[in-house]
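Written below as C-alpha cells is the structure these notes are about.
As written, the chains take the letters A, B, C and D, and residue 1 is the first residue of each chain.
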Amino acid sequence: MSIFIDEETRLVVQGITGREGSFHTNHMLAYGTNVVAGVTPGKGGQTFAGKVPVFHTVAHAVTATAANTSVIYVPAGLAAGAILEAADAGIRLIVCITEGVPVMDMTRTMLYVRERGVRLIGPNCPGLLSPGSSKVGIIPGNICAPGRVGLVSRSGTLTYEVVNHLTKNGLGQSTCVGIGGDPIIGTSFIDVLAAFQADTNTDAIVMLGEIGGTDEQKAAAFAKANLTKPVIGFIAGQTAPKGRRMGHAGAIISGSSGTAEEKIEAFRAAGISVMRRPVDVVELVRARLR
Amino acid sequence: MNLHEYQARELLKAAGVPMLEGDVATTPDQAEAIARRLGGGTVVIKAQVHAGGRGKAGGVKLAKTPLEAREHSAKILGMTIKGLIVQKVLVVPAADIASESYVGLIMDRETQRPVFMVSAAGGVDIEEVAATAPEKITRLAVDPRFGLLPHQALGLALTLYPGFAQVKAAAKIMGQLYTVFTGNGASLAEINPLATTPDGTVLALDAKVSIDDNELDRRPDLAAMRDESAEAPSEVAARTAGLTFIKLDGNVGCVVNGAGLAMATMDLVKYYGGEPANFLDIGGSSNPEKVINALRIITSDPNVKAILFNIFGGITRTDDVANGIVAATRQFKLQVPIVIRLTGTNEAEAIRILQGVGMQALNDMDEAVKNVVALAQAAA
Amino acid sequence: MNLHEYQARELLKAAGVPMLEGDVATTPDQAEAIARRLGGGTVVIKAQVHAGGRGKAGGVKLAKTPLEAREHSAKILGMTIKGLIVQKVLVVPAADIASESYVGLIMDRETQRPVFMVSAAGGVDIEEVAATAPEKITRLAVDPRFGLLPHQALGLALTLYPGFAQVKAAAKIMGQLYTVFTGNGASLAEINPLATTPDGTVLALDAKVSIDDNELDRRPDLAAMRDESAEAPSEVAARTAGLTFIKLDGNVGCVVNGAGLAMATMDLVKYYGGEPANFLDIGGSSNPEKVINALRIITSDPNVKAILFNIFGGITRTDDVANGIVAATRQFKLQVPIVIRLTGTNEAEAIRILQGVGMQALNDMDEAVKNVVALAQAAA
Amino acid sequence: MSIFIDEETRLVVQGITGREGSFHTNHMLAYGTNVVAGVTPGKGGQTFAGKVPVFHTVAHAVTATAANTSVIYVPAGLAAGAILEAADAGIRLIVCITEGVPVMDMTRTMLYVRERGVRLIGPNCPGLLSPGSSKVGIIPGNICAPGRVGLVSRSGTLTYEVVNHLTKNGLGQSTCVGIGGDPIIGTSFIDVLAAFQADTNTDAIVMLGEIGGTDEQKAAAFAKANLTKPVIGFIAGQTAPKGRRMGHAGAIISGSSGTAEEKIEAFRAAGISVMRRPVDVVELVRARLR
C-alpha cells in the first residue's frame, strides 16, 4: 500500500496553532489524514478547526489520543527540542518540516532518536504523502495519484515537478517521501529504498538527489547490492559552483567531493537510469516497468 | 558563513588557544602602528579575504620593519583577490617555525558528528594531502553527548609529535578547538599550521572558522561578524530581502521557488544550451515583495539578457508571484525579455493577472527554458 | 558537604533563580542594617545551621521592624539547635505567599542519574509527603548526556500550576536548578518552598544544596564554603589530619582501617554490650602520623573510657600502625586503657614493636572487642 | 573456576608508574596475574619491573599486547577519564580501584560503558581475586585460598576479615569480588550473584553489604527469585547514625531508607543466612553447605 504512513497513522501536529502549522494542518485534514491531536505549549485545552484537541505537550497528546506519528512545524530554534519531545513521548515516526535547524542541534538529536529506535524524517523536508490515504507534511495532494511508483527526494518543489509528470502520464505513486535538504537528516535514501523494496505495492523507485555529500553514492551501491526493483535517478546541481551552499544547507560541493558528475556516475555504475531532465522520468519509468 | 582569519583568531583566543599577538588594520598607518606595537621586528601582513590561495596572489607579505609593514599594507589593501577587494590586513609577528601540523574539525555528514582531522603534514592544503597521501591524516568522530575526551585528544596529538610536551600542548589545543567548534555552531574550524617553534612551543599560526548559517538567527554575536564588504553586493541585497541568491557568470536570470527546483532549472538552462546568470530561490512564502526584490537584483546584473520565472505552486501561491511580477514591472521597466512558467496553487488566477497586463504564462518547464535560452541568445 | 541556606542562595542566584533579596548577618547590628536596607518592612530572621526543624526550635522569626530584626537576631545568634551553635542568620523580606511547591534534585543511586522530584505539596518535609502521599510527587530521571530537556521541565512544571505563566516560570527555574546541581557536583539541590505570590510571581523562598565531598578537591571555590564553626571541632581536626571521623555518644573509642571494617567494629562493640564513641577510619595508608592524630582526637573526648585499635593489614602496614601507637604514647600519656588488634601485613614486626614498649597485640577481632568493652564498662 | 577473571585475563594497569599503581602491580605480578601492559601518559616506551611495557594510551597497549582487562589506580579526578579510555580501547572488564571519584563523573561514565557493553567494577573497590589464578586489584593474596565459596562485598578490609575466617577454617574461595563503596558503581550485587549462580565452581555465596541505598534489598529479592545456591549475608553499620557518610560515599542512611535493619530484614525474608559478627561466616557457610 505505502511506506511509513498508512491508515493506521494517528498524527499529532507540533506547532499546530502557528502560521505554518495551522495552514498545513487544514490541508492535511482536507486530504483525509487522521490528525488526532495538536501541540502548542500554553494552548492546551483549545480545539483546532473545531475537532482537533490541542495539548501543552506531546506526552499529553499521546496519552489522550494514542497518536503514533508526529509532524513538526515549530520555529527552527525549537525544532530539535520538538523532535526530542516526540521521541520521549513514544512517537514512532517523526516528520520535521522545519527549515533552518542548526546542524549542531541535529548531531545530538539524531543520537537521541536512534537510542529510542524512532524514525525521523527531515528536518527541512516536505514530508510524506501516500496518495489517496494519508498526507503528513506539505506535499500538495492534488498533484499526486495512487499507483505503484515510489518516490524519494532531497527537495520539495523539484519533487512536485517530477510527481506532476508522473501523475499526468498515468504513473501513480505508492508513497512520495521527501527526506530533506540538510547535511544531517534522520532518514537516508538507503532507508527509503529498503522500505520501497519491501513494499509489495511499489514496482519502481524514483530517486531525486542533488549535489553535496555522499548519500546518493551510498544509495547507488546499496541499490546495486540489494534492490530487485528498477530505480530511476536524478541529480540536481550540475551547474552549481563549488563551495557555495545552493539554498539547502546540504547542497554544497566541498572540495572535490559531492559533485553531480560523481553522483551520476555512481548511479550509472549501479544500473540506475539517469534522468537528464525532470520530464525524462516518464519515459524512463515506463521503460524500466516494461 | 566564513569568518576572516582575524575573526577566527578571536574565537580561538577566547578559548585559550596559544597564538602570537596580532591585530587587524584597515589602513597602512594602522598596520605600521601595529608593527611597532608588536616590537618593531619582522611581521607578516595577511590579506583578510574569503578566498584560498591569497599567498600565491600576493596577499601575504613579510615586513622586516614597521615602515615596510606600512608599504606592504598599502599594496595589499585594495588589491583584488579572486574578485574580492582586500579591505583589511592582519599584522602578526613572523614566527620561527620548526614544524607545521594540521588540526581541523568538520561537521561530518556521514557519521553525523564533529570529526577531527589531524596531520603532521600541515601548512599545506589539507585537501591535497587527503587526495595524495590519505594515510597521513588521522580522523576521529567525536560523540557530541560526551564531547572530546582527554584520551581521544591525546591519541590524536600523539600522531603529530614525538615529544610529550608538544603532545600535551596539542591535545589541550584540540580540546579548545572543539569548544570553539561546538560553542559557535561551526561547520568547520581549523588550525593550519599548528606550528612548533625551535624552543618547542606549540601555537596556532593560521585559523579558519565557518559558521553554520542556521546558527545566525540565535547568535547575533556571530551574525555581527558577517563582513558584507567581502561579498557581492547583489548577494547582500538578496539576503536582506530574504532570498537565497548566488551570482554566476551566465546570461539567463532565474527566479525559482525551492532550492532543488532552482538547481534543476539552472541545469535545464545549461541542457538547452544556455548559461544561468544566478541561483535564486524565493523560498516557500509567496510574498509579492520578494518577487519585486528578486527582479530588482537580477536586472541589476548587466550580463542578464533574459529572465525566467519557474514557479511550482505548493505552499507558494502562483497568484502572489504573478502580482509581484506585475508590481515590479510597474516600479521599473524591464530591459530584457521575461519568460514565466507557473503551475500549481491558484494557477488560473495567476494567468488571469498576467494576461491583464499582457503577459503570458507557460505551464511547461522545458518549454519555458527553451524559450528563455533562445531569447538570451538572440539578445547576446 | 551541606551548604547553609545563604550559600545555596548564592549558587541559585548565580544561575538566575528568582529570589527575594536578602543578606547574612553575624551580629544583631548587621541584621538591623540589612532589615533597613531591605526597606524597613517585615523580614524573616533565619538561623543558618546544618539541622532540620530550626523553625520548631525557635530559629526562624518574623520581625516587623529593623529594631525587631535586631532583637530577634540577638536571640537567635548564639542559640543552640540540635547541638549546633547558631553563628549566622539570614535576613530576607517576608513574602506574601499564595502557594508553596517543592522542587528538588537528588543524585539517585538506582537510576544512576540526577532525579527531579517535584510536588505541588511544598513547604513541608518532602520525606513526609513521600511517606504519606507518594502520588503527590512526580519524579523524573534526567539523562546527563542530554541534560534537562525543555519538554521535560515543562512536563514537571505542568504538575505544579494550572496557570501557564507560572508553568513557564517554574520550568525555567527547574532548568536553572539543574545547572546548579550539575555545575557544582551536588548530591542534593532543592527549593522548598517554590512559592507563588498573589500577583502570580514564582520564586524560591528557601534553598538547600549538598555538595558531593568528592568534588571538593577539584573545586576550591566550593571547598571554601565549608563552615567549620558548624561542625564538631573533633571532626574538623580529623578531616585536617586526613581521617574520616564521626563522633558518637558511647565510651569505646575505635581506630580502624577501612570504612566497612570500622562500621563492623562499631557493630561488634554494640553486640558485646558496649557503645562506640566514634567512627574512625585511618584509610589505606599507614602513616604513623595519622595514628598519632587519631589517638589525639579520640582521647580528647572525655566520654572515652577505653580505646580499640582494629587493623587488618592489607595495604596498611601493621608495623607502621604499631610505630604510630608507640610514638603517640611518647608524646602524650594515655589516660585510658587501649586494646590493640593487628593482623596482616608485617604483623610479626608490629607485635615486636609493641612488645618493646610493653604493649600486647591481639590477633582476633572478637576477643579484642570483648576486652575493650569490659575495660570501658569497668572504667565507667 | 572463577568469575570475571581467570587465566585468559590479560591485564593492563592504568597509572602503573604512580605510587599506588606500582606498589600493587608488583603484588599482582607476585601473585601470578598476567600483567601484560601498563599505561601512563608521557611514559610510553618505559618498562615496568623489567618486563611490563608501558604505553601512553590504553589503545596503544591493547594494540600491542591484546590486553582485555584493565585495572585503574589513577588519581580521583582522572579516574572517570581512565574508565572511558579503557572502554573506548575495547577493554571488556574495567576494575577501578580509585577512591573519591566525583559521583557526577560516574553518571556519564556509566552510560558510556553501558553503551559499549563493558563491565566496570568499582570505583572505590578492592578489585577481584581468584585464588591461585589471578588477582586484579588490592585484595591481599595471602589471606585467600582456592575453594568453592564466592564472596562479594561493598568494602575492603571487612572483606579481608571475612575471607580470613573462611580460609583459616578450610573454606576456600572461587572468586572474591569487591564491588565498591560508592553510590554509583558499575557492578551490583545482583550482577555478581548471577555470575556466581552460573559458575559451576561456586557452591555458596557470601554477600557483605552495608548501610545506604537499596542494592542489598534488591539483591535479596533477586536471590530469592533466581538463586539455587545458599547465600550468607552481613550488613555493616547497624550502629551508624542517620545522615552521616560512614567513610564510603555510599554508606549513608538518607531519611528512613538504607538502614541496616531494613537490609537484614530483606535478607531474612529472602532466606539469606544473616551473620551478626564477621566470624559467624564460618558456621553459617558450613551449615548451608551441609
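As a convention for this text, contacts are C-beta pairs under 8 Å (C-beta built on N, C-alpha and C of every residue); 3 or more make two chains touch, one makes a residue touch a chain.
The shown structure was predicted, so the numbers you read here are calculated from the model rather than taken from an experiment.
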item	value
Pair in C-D, A-B or B-D that repeats A-C, with over half of contact pairs matching by residue number	B-D
Between the pairs B-C and A-B, the one where more C-beta pairs touch	A-B
Computed distance of Cα centres, chain D from chain A, in Å	51
Gap in Å, rounded to a whole number, between the CA centres of chain D and chain B	56
Distance between the centres, which are taken as Cα means, of chain B and chain A, whole angstrom	28
Where chain C touches two or more other chains, by residue	145-146
Junction residues of chain D, two or more chains touched	108
In the complex with chain D, residue positions of chain C that touch it	107, 109-110, 112-114, 127, 130-131, 143-145, 182, 185, 187, 212-215, 217-218, 244, 246, 248, 256-264, 266-271, 276, 279, 281, 284, 312-316, 343-345, 365-366
Chain C-facing residues of chain A, complex	41-42, 44, 56-60, 81-82, 84-85, 88, 108, 112
Chain C to chain A touching residues, read off their complex	146, 149-152, 154-155, 158, 164, 167-168
Chain B-facing residues of chain C, complex	145-146
Residue numbers on chain A that touch chain B, as the complex places them	23-24, 76-77, 99-104, 106-108, 110-111, 126, 138-140, 143, 153-161, 164, 181, 183-184, 208, 210-211, 213-215, 234, 236-241, 244-251, 255-256, 260, 276-279
